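When the chains are written out, they are named A, B and C in that same order, and each has its own residue count from 1.
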């Protein structure tokens, strides 16, 4: 439900200056910068988790169950005696992948279909838009659940389910922009030059939707992370012993009263990460959307 | 449309106006994690609280001591069994009334059992009655009545079996064998048991309100033949979320907290000064086990199966994951079951397991799969993770495979699942309920054991018809040795106690003999 | 206007049929047996087989689909396999509860979202702006079951201000509405903010300012009226969205709504019930969108003209 349709595309601006402007505006947005620093740190921490943490995330040590925070276990241990902080670090890998991969897939599908639909119009447009209507009308969480229940709960199907849920809104936004771009002079000129349709669509229109796509991307990552946590709560998300943050919270909830950190810590991780991505997204939107600049 | 809108608004208003179920005098408030769906015991195989409280059976199994039961007269005052074990004659109690005032007759009993076997009913609990002569023909639609069911007069029912079946009486005490009234039930049709208006039994409580996914309200039956229940009302709430349930209990909105729904809260309640004396606990006639599918390599080799048995540290799982509330089991029959006897203990010995694996040709260990279903309770994936870590020491490199429950069921039906862990609790107090389920010819395949031992198959069939109880028990104990000790076809883990925490005002709360969450609340009192 | 509404409804019909077809195929081509699932561990293969046949679950896929469509056209969504009750009944009984939750949640989201959005827009690019937007984001950034648990713990268990769970009066509605409403407050506040900022750039606001009206006067008397148009129109969509988003809230707070039914239907492969519930939810989303469009056109004359053209 993000209001993206009002982003105007930068036409064929001079790329270098456009980039410079964007970066300047973005870096002036303090929240966005904090978000970016947070996300970069997180990605690094997740990537180098084995080198950062001295603990094994999968080790089962039943005599060290639900220990309170200590110098060895900074956030205590879970019901299998695993270090909570280490679980969160490794969970970050899965949560980030679950955020990024489906977003990329739905972006790819949505962009191609959106441009085709907007540029070609006619029957293509009708079919694509009805398909999109269907996906948007179908309650997202239910659709994802149906996919997970029927195809089975594993990482690959989570990608599929979330991409299926996400592509339609991308397609709509891209279509709207394509419609606007189609009437622009530089596209008219290309058409007059006899440039092929596919070249116009993907050589001329596509580059102009990229800024929007970047914003959409940064905003759909946190959304996917949230969807996955809901699926985990319902038991059809990532399966143990692997763990996404969503699963850590859903599982940790059982120990809420004995060892609150087991559920609260990964919840805070989700909270901070989702907020960080949203700040980045907002920052990008402000920076990339000339209409928002004074 | 307008009419419908009015309806919607009206029901929205009533749902808001409904009274809060806060402490009302003499009301017992309990909860279950899922809606029972129906009060009709013929139509369910897993939610028995409504049938147990609204209806009676010919025979009842009464809890005599923790984990022990006896078959006592119910609607049948007394009964005789013929020498050959084929004919059962039940003499009904005089003057028992249904909730609508109708008097119980032998015809009602015949009707009830015929209804279950009538294919138009689409009943799920038909296994209870398939031993009756002519039952199969009725189920298959080849007959309009069941030849083995007869009302000799108003108070006498005669049931003839097709073959002797030692556990038949125990089966008649199962909630699925609840007795209905012919006239009422016929009129209610397929709506029977779904609403208060279409439910009618002889039991201690009358169904007064049923809101799907929310609650059922039962009221004491003033004319109950055993005398009125101790509480005026019984409120059964549906609470899905375990943490929510615990908060409800601690805010005194629920009287009985079933630790089965929130096992992780066990240490808290046992350790709490406020609650530890309010815990009611009893053994459960049910066994946690690990399935072994012999159709999957390397489990075709008995040495590997033996190694698998020995590689699991059951005591640690019991102590750490179930807080020590239970006992190890070494046989097919858990404690509390008729014919139960101590079986040869299974040793935890990873070193020896490793040797056995080497003997079987896997000196460097072997890769295996353990299966679980995604929407099962987290208890199972927890156990699998622990077991996966434990058996690694013996050389089993286990991969945990998670599938959807529906896919799991479909694969298991044709005997193709990988080893999985589950629990089986007694439907009725007889070993046949365990042996037949797992090791009969059909059970062995459809539960993915593939323990194709013709002698075991034959013995299980033979035991069903034996009338000498001592001899029969001996046979089951021998079968246990053969299946568990010799063939290592089954990994018994443990049986757990079932613990409940009750509010101080709840008196006379007794854990039922079988340890079920579904129970009869007739004797419970509230101060 | 009528033409426009009619056209929109006609266009939705293939969408609806498409959705039912996709559902039907998805839930039927993969293995999964509602009877086996219903009987859990206690099902014997013979019984499962027999009841399947009795319920016509073994008929060919296309036969069952056509039967479903035909009955649905006659207003009959069939009978739930697991609950053995008419699907229409089940949904109509559960819907008021879900609707109540959704409307209360929407109210909460407006109460939080609109003031925050205005404040942010007025104090644009200040610390207050960032703080407000951050606050409204908080709700979106927490898994619902997690925030629900925290709120239950604090307000019900520790402070004893509100009941933990259940659905027996308005006090029971507060926590679920708060949890669900907060989770969509972020959208409302952002929309309010951006729309207000946009309006304030327009000529007539500049005129009002030039006339010497104070900033507060400009906003309340002129800008807000127009800025809230998109916010008002999104409300209809939002309520429809919340209806389907209530799944988890209902589970945690034991509210007997449509969401519970749907989750149950999915996990038990209860095809008729799932079809009915999803169809219902989808119709609501489509209706919500339609209402939004119509509201928009009523409130904004520019759009009305365009609609006439489209129709």
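Everything that follows uses one rule, which is that a residue touches a chain if its C-beta (ideal position, glycine included) is under 8 Å from a C-beta of that chain, and two chains touch if they have at least 3 such contacts.
This structure is a prediction, so every number in the text was calculated from the model and none was measured.
**Q** Can you identify the chain nearest the overall CA centroid, using each chain's own CA centroid?
**A** Smallest centre-to-centre distance to the global C-alpha mean: chain C.
**Q** Given the two chain pairs A-C and A-B, which is bridged by the higher number of C-beta pairs in contact?
**A** Between A-C and A-B, the larger count of C-beta pairs in contact belongs to A-C.
**Q** At what distance in angstrom does the C-alpha mean of chain C lie from that of chain B?
**A** A distance of 38 Å separates the two centres.
**Q** Counting only Cα atoms for the centres, state how far chain A is from chain C in Å.
**A** 21
**Q** Using Cα averages as centroids, what's the distance between chain A and chain B in whole Å?
**A** Going by mean C-alpha positions, chain A sits 45 Å from chain B.
**Q** For chain A, what residues touch not just one other chain but two or more?
**A** 149-150, 234, 253, 256 - these are the residues of chain A that touch more than one other chain.
**Q** Two or more other chains touching the same residue: where does that happen in chain C?
**A** Residues 30, 32, 145, 149, 153, 267 of chain C each touch two or more of the other chains.
**Q** What residues in chain B touch two or more of the other chains?
**A** 243, 375, 404, 406-407 - these are the residues of chain B that touch more than one other chain.
**Q** For a test of understanding, state which residues of chain C touch chain A in their complex under the given definition.
**A** Where chain C meets chain A, its residues are 11-12, 14-15, 18-19, 22-23, 26-27, 30, 32, 130, 133-134, 137-138, 140-146, 149, 153, 184, 186-187, 190-191, 194, 197-198, 230, 234, 237-238, 241, 244-245, 247-248, 262-263, 266-267, 274, 278, 281-282, 285-286, 289.
**Q** With touch defined as at the start, can you tell me which chain B residues reach chain C in the complex?
**A** Of all residues in chain B, those touching chain C are 4, 7-9, 11-12, 15-21, 35, 37-38, 43, 45-46, 119-120, 122, 124, 126-127, 139, 190, 194, 211-214, 237-241, 243-244, 247-248, 250-251, 253, 375, 404-407, 409-411, 413, 422-424, 427, 442, 446.
**Q** Report the residues of chain C in contact with chain B in the complex, numbered from low to high.
**A** 30-33, 35-48, 50-51, 54-55, 82-85, 90, 92-97, 99-100, 145, 149, 152-153, 156-157, 160, 163-170, 172, 251-254, 256-257, 260-261, 267, 269
**Q** Would you mind writing out the residues of chain A in touch with chain C in their complex?
**A** So the residues of chain A in touch with chain C come to 1-3, 6, 30-31, 130-131, 133-134, 136-142, 145-147, 149-151, 222, 226, 229-230, 233-234, 246, 249-250, 253, 256, 263, 267, 270-272, 274-275, 278-279, 282, 292.
**Q** Could you list, by residue number, the parts of chain B that touch chain A in their complex?
**A** 242-243, 246, 262, 264-265, 267-268, 316, 319-321, 374-376, 378, 381-382, 385-386, 388-390, 400, 402-404, 406-407
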